[in-house]
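For clarity, chains are labelled A, B, C, D, E and F in written order, and residue numbers in each chain start from 1.
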């Protein structure tokens, strides 16, 4: 393979139903006219559950997020990623969906992850209806006018990202005093951890975001 | 709750079968006589699959790893964690199980995660039959006498951990020249990402390892 | 003064002509309904040249950039800033105006300067007609698909920002081999230096960008 | 041009008056017998104001500071630099000239800028009449026996240099409590910013200080 | 010398008595079957005092620590090292021997020194009878359950290791308030300094620990 | 003891001969009129060898270096320090005395140690007869015009200071190619290590240099 060739993760698969194939084709090629990751991985076979999930993305969002297309080379990995992502970001929690996305972006800003900043920066704008808030999370969350709760939440998430070895009981205590329960603290930790993972998978593979994110909720 | 009180994640649950309850009790209390994490989380109801998995841990390892006990407050989170962990560390891959554990420890060393260094340092010793190799991964992987392939693998994992924003095509190319396939590179990235997540969940919650790890394969 | 009170740099001044006053009012209050910096500085008297410059901004851009309003408390400081800024960013140079703005944003990203990232991120989008390029400069310039010249230019600017003490002859030689003249290298250095200054003035004073930038050229 | 050749910024210009030419020659060649910067820039035409300024330097200091000689390849850049420099370092301010030079050196120490440490380290010695104070600013300002005001001033300047993104309202509040006005805070920020600029222009071009500085006020 | 050849510091010397020669041979070759450092240094002549000291090591420990074998190429350097080491680690002090070893390991962990972590990690396990304590010092001393005195001691040692320029009167005051005398503070500083030296000598020469340490007190 | 009181390490001791007592008095009090370290340590009894050494310092240098006065509270510690210092800095070596002092200063610059920069910066000036060389070592050794040998030597010393864990065979190989023997490499490592120790003892105790150094060889 020539050194500079970048090859799309081909997620077109004749065994998937036509509408899913169109969805995948759209996200991976037609919509962005670019490759998704810098690794040439052979297409995998989506399980019915995942095929249905992709179809739902296509129907509701109008596209399949490229991170899903990237994982689609291996259905087991895709399912594990989707299960964890959906539990953390969409499941029951004392943190609002916006707060979870704020953590996602503040963490991704420390790791300078292009994919996650684009995709989740858009989510902050959409969920908050406040475009500058999305920019603040991308650029420097410390410049945002946050309430005490959200500032404490992001301070913890960013410290945990930058120097995890230095977290101590007092850091958890600050969260408790800001009103967070033990379960909330777990969720802040788990979401921070999750994006420290995703940022690295995206950076390691040079993952590119769907272009549609750029214009959302500006 | 008094400031310094640390409360065990109680995973004893009357609805689980007696043998599983004993397993959980063993790991969380009897075996270590200590708490597992610094958050007081109410015990969750394990699904039959997870109860069976815990029983299998008890049977094969003689204990339930504390990280599983920690996640057991919420079955959905536990299942997502177990699915991803088992796929990455035990599923099919071009990387040997030892190599995957070497990545786990080299990454955890950068993040100075006590739980993961103890648990996965033991795994490197057990799988390699080479106790000093486990210490080298914990202390400074650069001091180990590694072959070119494993050195390249760990250099990538550690760079991805420390400055993920700086990974570029040349870093992937070095891996390819060391014999890694695209799928192998994905696996290196995904395992590196996974431990960057787990390290932070463990550090955020002050997770304590089962004491049995300390003496394994010395 | 109460601890949390933030007071606008009042640049309304009865001695300036009505249209300039309106311009300043617009930028500082009506347009953004917020304060510009976190220091309460008494309004200064603009020189005719500066008053005319503000009027021209209002006419051409539709607003006076907040950084100018911030400096307006002291006409001498404002004039020195404007002279240097306009020479570097708009004067004759071997670097295109877009390239100069790319340096501005890549440098401001290292320093995580909210004001400069918003204002000059918009400039990159406007001048390039390529919204994702603006995002890439803000988020991680290394992820951008740049030609060799622009990559070398930004690598130099970012190294000079992060570890200026480590610049050596070889770094200049890389620029020369990428086609830059001695004068071009000066300009790269001077623009990099300028934003390392402006980033710090903005961060020290918590300078807020005009809100109009957010939506430009998305 | 041979790789290692370093060429003087020739600021001799037949159109300048003989005494200015002598001044420039002195500073750039005769006095130091070395080149000033590592870029070969064609000599520019000094404006009468700048020629007069150089003559005044020669008359009062006995030499033209090399930084001015370096900028002299382009009169517009020189004038902008001189205007900003003189306003900040010599103009009216609540900070004494010595305090401004202390900031200059403490900032330049963080950036390890040889030119600025030599030139402004000398200024601290001259203005204070305390040679060890100059060394302390160069080596580690924290080791100096400073009053509360000056310590707070330098702590702010150094934090703003090293992690500008982390400056918050409390940092400004510490300055206010140490007796600084809003205008003083602006000046601390602006001088800190200015030397973060100059340090980088000097490091990028390998600017060499006039040798006369070394022996001043020892 | 071929690039990759590693040659043992030959400390066998016909002039030393047979029993010492056996001791040196044991430590450097027979016991570990490996080289000690990555520099080929000709064997030196041990003084009677040092020969006797090596014999005592062999008798009491069963081996000569490799760091001593490494220094043995030059008797003057060996004697100076041994004098300083024994005074600091074994001489009279307000710090217990265990506390001194805890400092040794916490410092060596910051510097990721393989030799010192193995050798002194073993010492912490032996002296404390608490294997996990040795691991905690190696991995992250902040995760250990320490009393206030020992935590303050290690916080100081690690700050002094990582940012010595930032130590200030308040840091010493914290130690005093934790019950340390002036002499104790000197000892903490001197031991911290000593291992910052030894860590670098070991890393610079790729010094390898005696394998016997790995299994001690597990 | 009042919080801010700084007490001299009293090294006057009636049992020492009058001329030594004068020497100690001179260095510690009369000459500098200040305290040496920020710890109140009771004076120790100098051995005849050390008393003689102090006398020789007084005779040859005109003063006793404050670092010696600081260690004089305990004769055993003083002797160990002096033995190691004199062996490394004055004993036989393939490195010239100037080169050893250059390492001392370049290392101390990384650690920003006021005492060592003043004392050994003076030594570089004295030994080289080149005052700017002393400044360059203090400020940024990379800006010095060094030959290949000395540049390699300082690059190694500074890397070993800043990231000792990253030294690898190639770093030693660069030194060998620059002409250094195995013994020379040991000496570079040992001197680098020694000043990483001394810097920390000095910073931990706020050690102040003799004022006479400031004016030497300017």
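As a convention for this text, contacts are C-beta pairs under 8 Å (C-beta built on N, C-alpha and C of every residue); 3 or more make two chains touch, one makes a residue touch a chain.
Worth saying up front: this structure is predicted, and the values here are computed from it rather than measured.
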Ordered by label, the neighbours common to chain A and chain F are B, C, D, E
Chain whose Cα centroid lies at the greatest distance from that of chain A: F
Would you mind working out whether chain E and chain F touch using mostly the same residue numbers, over half shared, or mostly different ones? same
Chain pair among B-C, B-E or E-F whose interface repeats that of A-C, sharing over half of the contact pairs by residue number: B-E
Since chain B and chain C are copies of the same chain sequence, what is the angle of the rotation superposing the Cα atoms of one on the other, rounded to the nearest 5°? 120
Chain whose mean Cα position lies farthest from chain C: E
Taking each chain's centre as its mean C-alpha position, how far apart are chain D and chain E in Å? 46
Centroid spacing, where centroids are CA-atom means, of chain D and chain F in whole angstrom: 31
Chain E, residues touching no fewer than two other chains: 112-113, 140, 165, 206
What pattern do the touching chains form: line, ring, star, complete or other? other
Chain pairs in touch? A-B, A-C, A-D, A-E, B-C, B-E, B-F, C-D, C-F, D-E, D-F, E-F
Mind pulling up the chain A residues that touch chain C in the complex? 109, 112-114, 117-118, 131-132, 135-136, 138-140, 143, 206, 211, 214-215, 218
Chain E-touching residues of chain A, taken from the complex the two chains share: 165-166, 168
Listed in rising order, the residues of chain E that touch chain F in the complex are 3-4, 38-41, 73, 76-77, 79-81, 83-84, 87, 91, 111-113, 156, 160-161, 164-165, 167, 169, 172-173, 182-183, 185-186, 188-190, 192-194, 196-201, 203-206
Tell me, which parts of chain A touch chain D in their complex? 140, 142
